[in-house]
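Chain IDs A, B, C, D and E follow the sequence of writing; residue 1 opens each chain.
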Amino acid sequence: MAAKVVDIAGLSLTFETKDGPVYALSNVDLTIRRGEFVSFIGPSGCGKTTLLRVIADLEKSTGGSIAVNGLSPEEARLQRAYGYVFQAPALYPWRNIERNVTLPLEIMGMPKAERQARAKKYLELVNLGGFERKFPWQLSGGMQQRASIARALSFEPDLLLMDEPFGALDEIVRDHLNEQLLRLWDKTEKTVVFVTHSIPEAVFLSSKIVVMSPRPGRIIDVIETDFPRGRGLDIRETPEFLKIAHRVREGLRAGHAYED
Amino acid sequence: AQAADKVTLQLKWVTQAQFAGYYVAKEKGFYEEAGLDVTINPGGPDIAPPQVIAGGGADVIVDWMPSALASREKGVPLVNIAQPYKRSGMMLTCRKETGITSPADFPGKTLGVWFFGNEYPFLSWMSKLGIPTTGGPKGVTVLKQGFNVDPLLQKQADCISTMTYNEYWQVIEAGVKPEDLVVFKYEEQGVATLEDGLYVLEAKLADPKFVETMAKFVKASMKGWDYARAHPDEAVKIVLDNDATGAQTEGHQKTMMEEVNKLTEGSTGVLDPADYERTVKTIMTGGSDPVITKAPVGAWTHAVTDKM
Amino acid sequence: MSGLRHALLFLGIAGLGAIAMLDAHTGGEAGAGYALSLLALSLLGWRGLALLANARLGDARRQRLADLAVPVLFGLWIVFLWQAVTVGFGVPQVLLPPPSMILARILGSADILLADFRQTFLQAVLAGYVLGCGSGFIVALIADRVPFLQRGLLPLGNLASALPIVGVAPIMVMWFGFDWPSKAAVVVIMTFFPMLVNTVAGLAAAGRQERELLGTYAASWGQSLLALRLPAAMPFIFNALKINSTLALIGAIVAEFFGTPIVGMGFRISTEVGRMNLDMVWAEIVLAAVAGSLFYGLVALAERRVTFWHPSLRQR
Amino acid sequence: MAAAKPKPIARLFAGHAGPVAVLGLALVALWYAGAVWLNADLQIDAFARAGTDWNFTDLVAGTWAQERPLLPAPHQVLAELWRTTVETGIASKRSLVFHGWVTLSSTLLGFAAGALLGILLAVGIVHVRVLEKSLMPWIIASQTIPILAVAPMVIVVLGAIGLKGLVPKSVISTYLCFFPVAIGMVKGLRAPDLLQLDLMRTYSASARQTFFYLRWPTSLPFLFAGLKVAISISLVGAIIAELPTGAQAGLGARLLAGSYYGQTIQIWSALVAAALMAALLVALMGAIERQVARLMGARS
Amino acid sequence: MAAKVVDIAGLSLTFETKDGPVYALSNVDLTIRRGEFVSFIGPSGCGKTTLLRVIADLEKSTGGSIAVNGLSPEEARLQRAYGYVFQAPALYPWRNIERNVTLPLEIMGMPKAERQARAKKYLELVNLGGFERKFPWQLSGGMQQRASIARALSFEPDLLLMDEPFGALDEIVRDHLNEQLLRLWDKTEKTVVFVTHSIPEAVFLSSKIVVMSPRPGRIIDVIETDFPRGRGLDIRETPEFLKIAHRVREGLRAGHAYED
């Protein structure tokens, strides 16, 4: 069996706020192995972002244990084990798009020519070729989001943590990027942890779907899929696909509070 | 009784025994007896009394004559109405180790000078000696001396300006022995100019009432000076009481009082025209850059002292 | 473009009125009528300026010209009022000389002004400014780098914030001598604190998510400083640079009151006040104002270049 | 973050007290060393004049006990401070508390007026085009006018219209300290995100509403940075202004008198008092800033 | 026929940037009548946001004409003719959630008690009841987005301009809010202009779908639908629905540059 990339046991996280504690994560167990494509899906506010942030060492758990590549999240972060796409684009306004994308490469000390080649490659992958010299505020919301995806891809990390990367994109671009991402994952044996709200997207992309539920945030279902690695968008019509989608939807519905 | 006449006096410098006569006159009630209500405003490093009087901030000021005459030429028509200081207390104090024994040794040396209108006597002296003040081996390098005697103690200057009643004693108090110093008194160098005199605006003298008030003021002030000479210890105490900064020390003020009394000794307040002429002559020999360009007319009057 | 036409009309009338008033030498005995006409002309001029300031000209070059004209005309107006009031009401020149006299003095004493400028601005101000801003900046960085120092250094830095010039200047003369280094030292002390405070505030200004992004790259302190925190701090840092550009000048000039060689803007001012040469004093003040404004303008220009991305420079 | 209880010493150093104490001690040590360094020459002169033999210990002891040192030793300053604060009645003219209060009162008055003026100017500049264009360059020019040169004229003029005492001094403080506030506020009032401004536009909020709901809250970090600088400059202004008002009372008058009579210990004690006052005022602003941030829901 | 709420003819907008002009909108013609529900759909960067901003007087067109309620956009804005939901939440960080929602009400001068009642009502509508006292940074991305929706609904404008309001929400919440929005529209004869990336959402909600295409941004198709006003989520399975969805998808695809 492949090595464990993320190993979480009994994890919990409570935010202390002025008006009482918020139980963002409660008793979460999860193992992610090398080469898996894992999606987190769940109602808004159920702790998906928080869980991803704990893995990335952006948030400290208040209970339980977590290891990333066998190390503590902090050590893993210091080893630049992962690339992270935030829910908001978080581009730096004083850098143009190209220089935003090359930012991690600069920090990791890549020579300039190579950096620019990388930026070009990934900006084209997300259909932003020609926008290198624009500043973030000159881009549409979806374009900004794509720039931030290119930024995370550019340094080709083994572990990709992506928080709703395709939320602001239209169906066509989304399908295109889904395919690109899948191809990348396929070719390079990357591990991807992916937050999404789209059930079809989750089912199409993932080898493992983690369904979460809020208050307190916890995992209520883990679904393994076994579509072929080289799958195309057409599998979305297969009964197998629809069955899994249905199971995810049921899980989601269960996690929701309202009865209507 | 009639309401007291208000008089505001602007001093040239901070509260110290240099101005003891006025404080004594106020505290001992001499002004009050004369029917005056006198306010004494101390000066400071950037208070120019002629400016204050021109701006209406004072009725009468204490100033040195070169500065007053220069202001007169610049359009502030000051008139000397009385001269409590008979003699000049200015001197140049040098460290003996610099090798200076006479003015002939000045070239090439660095001298500290007070500016702000107090530089005129020095400039006249140098021009009389024919020494340029622009530095170089033939001239002297002039520093604008701050308020204290540090430049001499720290050997940043070879000589500094001092008053017989003040800075000289600060040097001594700092532990320098008199025999380590060489002093040049302006009096002895023949370049003495009149110091602390009382000046008013010319236009006001047209008013006989004002002249009368001033006469009372000068008379009471001179009474104060006489009292200060007679009771120096009490005068010092009065000065200390009036020092709002609380910084003056009794020892230093005592010394100052003694020295100041030597300068006011023998003055009735009446300006001696001969002293005036001597001052004008001194400051008009200013070489290329004289303090005043033409002999002033009407820069002094006995109208006030005649009424005393 | 009728806004522009109206503006020019108002300004034209005001200008003609002004010239007429300068012609009518009242010789210091002006009365209420004179004051009223000054007031009326001022209101007219202000209206014209307001129209000019709001005029939107299609042409970028003409717009820039109009933008420049507003402060210049405003300034000319102040100068006119000054001249009219000092001459008209016979203000003694030892209190406030009229601009015409100051101008004559500037033209007549250019060599002295130049020497003073060299001494005070080119040496004391520039050296002190660079060292003061630099040290404030570096201390802020050190405090930021070492949390221990942050907690200890900043409160002590506050101590340096108001070391009063009056007390410090004589001490600096004592330590660094009479020439410009002691003035530069005073400037260093004055400019240090504004830079410290603003840099500290600026370094705290970067957004949380922007910081976390660098955290995910395991960027070192230096890297995140260069890539994020300094750029984000720039608006604050430029504030300090602007404030200091004027503070430095004040500091150097004031410091010269406490002992100098006989050259320098502060020396000249204090000496000439004592000599009642107020025209020379104001000539130096004008020199200081012009030099200071240019200095400030240069800093503001650099700010535009460096923080072009900041919303304050993208508004409107 | 790890919640393990730190050891007492570690806890001390995690707060402000420990680091301040350590760095303060370092400063004092440096100061003592500086005193020896700077005063040694004069001390050697003094020994020579007195004709005494001396060794290094004598030298050090001597440099720390001079009556008019170039740099007084900390304990000398402390003793002077003690003498002039605790041992002297606060109503006395020799009390530093008295002088400190004189300076503080005009500092605070000047600061309040300056902060208000700075804010008002910034508001005007941000909202009225003609003000921005005509006023800004002249505000800048005004700040380059050497204050000590015009202060006497200001005092004379204000005195002529009957304003004496506290007000003229505060005017000088105000003049100096409105500038950092104005500069910072102009930037701060323009700092809101374009999106946040757009939101206000969609409500067709008046300029006044946009100001109170958006621009003002966004400008607070800039405002506080400005206020901290302003309050310390205001103190400097109050001290400077004490000279042309006849240097009658206040820390500035103390400094001047001390300087005039070469009483370095007195200068330094006034300096230290002024610096402490400034640090306290700045710290107070900092505390207010933190409190305001807390009320505004800032993330700790 | 109902009154024209938005009337656009030959509209174009060009952004001048350092490296040349960007043609964000070109020759756009569009009429929106009172009571319509209009969706803009199109590839990322095609000018949807820009068009919405022009209607809202947040951007000035550089050519053509536009009227809102028969007035210029500026006049309409000054009359508070519309409520706007931005693509990003744009909450004010120093106000808690309730006070963010009551912000427009405060500006419009509503008394406090009524403001709070409104906030409560709409926060509950978007499932944020109980989060009144939290500050924006204490909310998840989707929760922030919902708060900003509640803020726009709170003052019950006749014209709602919404820029991808549901982008960051999961399917269940999204369906729920879709229904709520439809019900609101139904009951109150509001006019809604809505930007979305989701084809089903566009078809389900709209009475008119505007398909846009980029570079330069223009309208390539306008589809009128005539589902009953009281429709339920179930219509999404009808052939009628699928037909329209197909047409939209074709339009979208045509607007995209890539051939894969």
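The criterion applied here is as follows: a contact is a pair of C-beta atoms (placed from the backbone, for glycine too) under 8 Å apart; a residue touches a chain by one contact, two chains touch by 3 or more.
Because the structure is predicted, anything quoted here is derived from the model rather than measured.
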State the smallest step count from subunit B to subunit D, taking one step as a move to a touching chain.
1
Highest contact-pair count belongs to which two chains?
C-D
Here the gap between subunit C and subunit E, centre to centre from mean Cα coordinates and rounded to Å, is 48
Just curious, how far off is subunit E from subunit A if you go by their C-alpha centres, in Å?
27
Compute the distance, rounded to whole Å, between the mean C-alpha positions of subunit B and subunit C.
38
Rounded to a whole Å, what is the gap between the Cα centroids of subunit D and subunit E?
53
Multi-chain touching residues of subunit A, meaning two or more other chains, are 88, 137
Where subunit B touches two or more other chains at once, the residues are 45-46, 48, 51, 55, 146-148, 150, 154
Of all residues in subunit D, the ones touching two or more other chains:
70, 148-149, 152-153, 156-157, 193-194, 243, 256, 258-259, 299
Where on subunit B is subunit C touching in the complex?
45-46, 48, 50-51, 54-55, 67, 70-71, 74-76, 115-119, 133, 141-148, 150-151, 154, 156
Residue ranges of subunit D in contact with subunit C within the complex:
13, 15-16, 18-24, 27, 38, 70, 129-130, 132-138, 140-150, 152-153, 156-157, 176, 179-180, 183-184, 186-187, 190-194, 197, 221-222, 224-226, 228-229, 232-233, 235-236, 239-240, 242-243, 251-252, 255-256, 258-259, 267, 270-271, 274-279, 281-283, 299
Enumerate the contact residues on subunit A facing subunit C in the complex.
56-58, 77-80, 82-84, 86, 88, 90, 92-94, 103-104, 106-108, 135, 137
What does subunit C use to touch subunit A in their complex?
207, 209-210, 212-219, 223, 227-228, 231, 307-310, 314
Using the touch rule from the top, collect the residues of subunit D that touch subunit E in their complex.
193, 195-196, 198-205, 209, 213-214, 217, 296-299
